[in-house]
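Chain lettering (A, B and C) follows the sequence in which the chains are written, and residue indices restart at 1 in each chain.
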Amino acid sequence: MSTERIRIDRRSPRPFSAIQSFAVRYGLGIALVIVWEYAARKAGSIFFPAPSEILHRAATLWLSGPPQRLFLSDSVFQDVIPSLFRLLGGWALAVLIGVPLGILIGRSRNLCDLVNPALQFLRAIPGPALIPIFIILLGTESTMRVTLIAFGSVWPILLNTIEGTRTVDPVQLDTVQAFRIPRHARLWRIVLPAALPKIFAGMRVSLALAVILMVVSELVASTSGIGYRIQNAQIMFLLTDMWCGIVLLALIGYTLNWLFLKFEGRVLGWHRGARGRTATS
Amino acid sequence: MLAVERFHHAYMPEQLVAANISFDVKAGEIVSIVGPSGCGKTTLLKALAGLIRPTGGTIRFQGKVVQGVPDRLAIVFQEYGRSLLPWTTVNGNIELPLRYQSIPSDERRRRVAESLQAVDLSGFGERYPWQLSGGMQQRVAIARALAYQPKLLLMDEPFASVDAQTRADLEDLVATLRDRFGITMVLVTHDIDESVYLSDRVIVLSRSPSIVLAQVDIELPRPRDQIKTKAMQQFVEKRSEIAQMIRRPVGREAHH
Amino acid sequence: MSDLSGAADPRAGFGQARSFAGPHLLSHAATAFRVVFGIFIFFLILESVTRLELVPPIYLPRASTVVRRMVELLLDPKFLSHVGATLHAWAVGLALATLISVPIGILIGTSELAYKMTSPLIEFMRPIPSVALIPLGILLWGQGFSMKVILVAYAATWPILFNTLYGVHDVDPIAVQTARCFGLKQAAILRRISLPSAAPFIFTGIRISAAIALIVVIGAELLASSDSGIGSYILFVSSNGGQMDSVLAGAAIAGIIGALINSALGLIDRRLFGWRYLGATPS
C-alpha cells in the first residue's frame, strides 16, 4: 500500500503546535491582563488598579522578608499561613466526620429517608447566617472559625458519601453475596471503593466551600487572616491591598483545586480508566 | 446435586413469574435452562444461588435446603463489566473470594495462577478488568468462579454480551472446564443453539407464569465441535424441537 | 439484559434490601410519612439536647423556643419584608446570571476553539469566592440593593456558565453526526440536538447557582450591614444582645427557604427532564 501520494495538510510541524496550544490555553487570559493594564493606566481609577501595581504591591506585602524565610514577610506568617491552617483543618474535620457518617447513613435505606429532611435543611442554612451563633457559642478565636468551616463544608461530603454508598451497583453486591464474602469485608472492599468517586467529588466541592467559609469567618470580628486583611484594606481604602488579597484567594482556590485533582487522579486512576473504556470484544 | 421442587415465585402478589418448576441436576452434568423473555430464568438462577428466597417450593443443594448462599457454589453474571471490581487487578478480583475461605496466601496465589491458565489468560494478572476486552473480562469472571473450586457453577446468560466469535470460544472453554474439573453447571441462556451445543440436558420453560415444558436430553458425542457438531442431524433436530416449544403461542397450560 | 435483576423480593429474609417499583401510591405515602417522621425526630433530638442546658439558655435556647420565634417572625410583616428583600435581590441576581451565562455558554460551547480558549480562564476565575469581593462591592456600589444583585449575579454566573458550556460541548457526537447525515444545518442542530441535550445540565447549573446565590445574598447582607434582608436582620438581632432565639430563628428560616427552593427546583427538574432518569436505578 503506497503511503506517499496522500496529501496531508500538515502546516504545523511539532514545535509550532506546542506554541499554538499554549496560545490557545493562556492567550485569552494574557490578553485580558494586558487590556486591563492598559485600561487601568488610561482611566486611572483607584478602584481598579493595574495588574502591574497589584503585583508590585503583592511583592511588597508578602515577599519582602529575609532570605532565610524564603523571602516571605511577616504578614504571610501572621495572616496567610494561619488562614490556610484553619481552612485545611476545618476541611479535614469535615472529611473525618462526613465520610464515616455518610457511609453509616447510606447503608440503611430507612435511615437515609429519615435523616434526609434534616440534612436538606441543615445544608441550606447559609454559612454567614451562622456566624453570630458560632461567635456567641465559641468565641472569636480559631476554634470558632475552624468549627464554622467544618460545619459549613461537611454537607457536600456527607450528602455525596450517602449517595455514593446508596448507589453501589447491585450486580457488585450480588457478586460479593454469591461468593459469601462476609459483611465487614463487603463494606471495606466493595462499598467504600465503589462510593469513592462520589466521595471525592463531594470532597472537592467541600474544599471550594471551605475557602469561602474561611474568608467569611474572617470578615467578622477577627484580628488576623486573609479575609481580615481584605476587609481591613477596604476600611482603610487601600484598594491595591484589597486586590492583592483577592488575587491571592483566587490563587489559593485554584491551587488547592489543582492539587486535589492530582491527588484524586492518583487514587481514582481506576475510575478514569473504567469509565473511559466501553467493552470492546 | 441439585433438586428443585415446585419452585414458584412472585415479585408482587399479582405478578407470578414462575408457577411450578421442578427438575434435578446430577453431579457433573451441564444443564441449560431456556425459555422466552420474562419467564423467570434469572429469578430461578438467583433462587438456586440463594440470593432470593422463592415464594414457594424447595430448592435442595447437595441434599440441604438452600437458605442463603450455600458453600461451594459460584455464579457468573451476564454483566461482567459490572461484576468485576474495577479498582482491583485481575489477580485481585480472582483472589478476593478466596481470602475469606481460610486459604493460606500461597495456596491462593497458586489457585489464581491456575485458573488464569485454565481460561488462557496467564500474564494478564496485573491488568485491570477494564483494560481487557469483553470476552476476556468474562473469562476473568469464569476464572474467579473456577478458583473458588465450586461444586456447582451457575451462569446467567454469560455470553449474551459478547460477540459471536468470542461466544464460540467461551462456549468451548466452558465445556473443556467441565471435562477437566468435573464441575456441575447450570446455564441460563436465551440462545437455543448454545444450549444444545453445550448441555447434557436442556430444560425448556414456558412463558410466564412458567412451568417446565420439557426436559430434552442431548446425546451428542463429546468433545463437541463448533462446526461439526452443529452440522449433525441430531443437533438440528433437537434445536428445532426446542425452538418450536418456545415459539408456541400457548404458554399457559391448564395447571392452576 | 434480565429485567429482574434489579428488583428485590420483599419477602427475602436475607440479601440486599433494594428499592423496587412498588405501587406508586403506597410508596409515596410511605416516603411522605418518613419525611414527616424524620423532621419530628430531628426536632425531638434538638429539643432534648437544648434542654440539657450544656450551654446556658440565653446562649442556646430550647428548640421549642426557637420554633415559636420562627412562627412569630413569619407572621411579622416587618420580617416578611426582610424576606422579600432577600428574595428580591436573589431572584434578580439569579435571573441576571442566567440571562448572561446561558447565551455566552452556548456560544462558547459550540465553538471548539472558543471552548479551548475560555476553559482555562473559567477554571481560574471560578475559585474566587464572591464573599471576598464584598469589601470591593461595598466600595463600588454601597451597601444596598445594587451591590447585592451584582454580587449575586457574579457568584451565580460561574456554575451556570460552567454547566452550559460543558452541556453544549459534550453533546453526544453520534447524535450530532446523525443529524448532519439528515442534512441539518448548524443552527438546526443547535436547536434540535444540542440544546435539548444540554438543557438538563443547564438546569442543574441553575439549581446549584440558586443555592449559592441565596448564601451570597444573605452573606452580603450580613457582612455589609445592609438595611434590609434576612442577613441584615440576623446581624441586627445578634448585635443587640440576648436575642439568640431570634438569631437562630432567622438562620433556621433562611435554611428552610433554601431547602424549599432546592426541593422546588428538584421537582421541576424531574418534571422537565424526567427522561434522563428513566432506566436508572430508582433513587
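The rule we apply is simple: a contact is a pair of C-beta atoms (placed from the backbone, for glycine too) under 8 Å apart; a residue touches a chain by one contact, two chains touch by 3 or more.
In this text, all values refer to a predicted model and were calculated from it rather than measured experimentally.
Minimum number of contact steps separating chain A from chain B: 1. Among the other chains, the CA centroid farthest from that of chain C is the one of B. In whole angstrom, the spacing between the mean C-alpha positions of chain B and chain C is 48. Between chain A and chain C, the centres computed from C-alpha atoms are 19 Å apart. Shared interface positions of chain A, i.e. residues touching 2 or more other chains, are given as 171, 174, 177.
Residue positions 5, 15 of chain C are each in touch with at least two other chains.
Annotation for chain B: residues touching 2 or more other chains are 46, 51, 79, 161.
Across the complex, chain A is touched by residues 46, 49, 51, 69, 71, 73-75, 77, 79-83, 85-87, 96-97, 99-100, 128-131, 133-135, 137, 148, 161-163, 166 of chain B. On chain C, the positions that touch chain A within their shared complex are 5-6, 15-19, 31, 34-35, 37-39, 41-42, 55, 59-60, 113, 116-118, 120-121, 123-136, 138-140, 211, 214-215, 218-219, 222-223, 230-231, 234-235, 238, 244, 247-248, 250-252, 254-259, 261-263, 281, 283. Looking at the complex, you find that chain A touches chain C at residues 24-29, 32, 47, 109-110, 113-118, 120-133, 135-137, 166-167, 170-171, 173-174, 177, 208, 211-212, 215-216, 219-220, 227, 230-231, 233-234, 237, 239, 242-243, 245-246, 249-250, 252-254, 256-257. Contact residues of chain A toward chain B in the complex are 169, 171-172, 174-175, 177-182, 185, 189-190, 193, 196, 270-271, 273-274, 276-277, 279-281.
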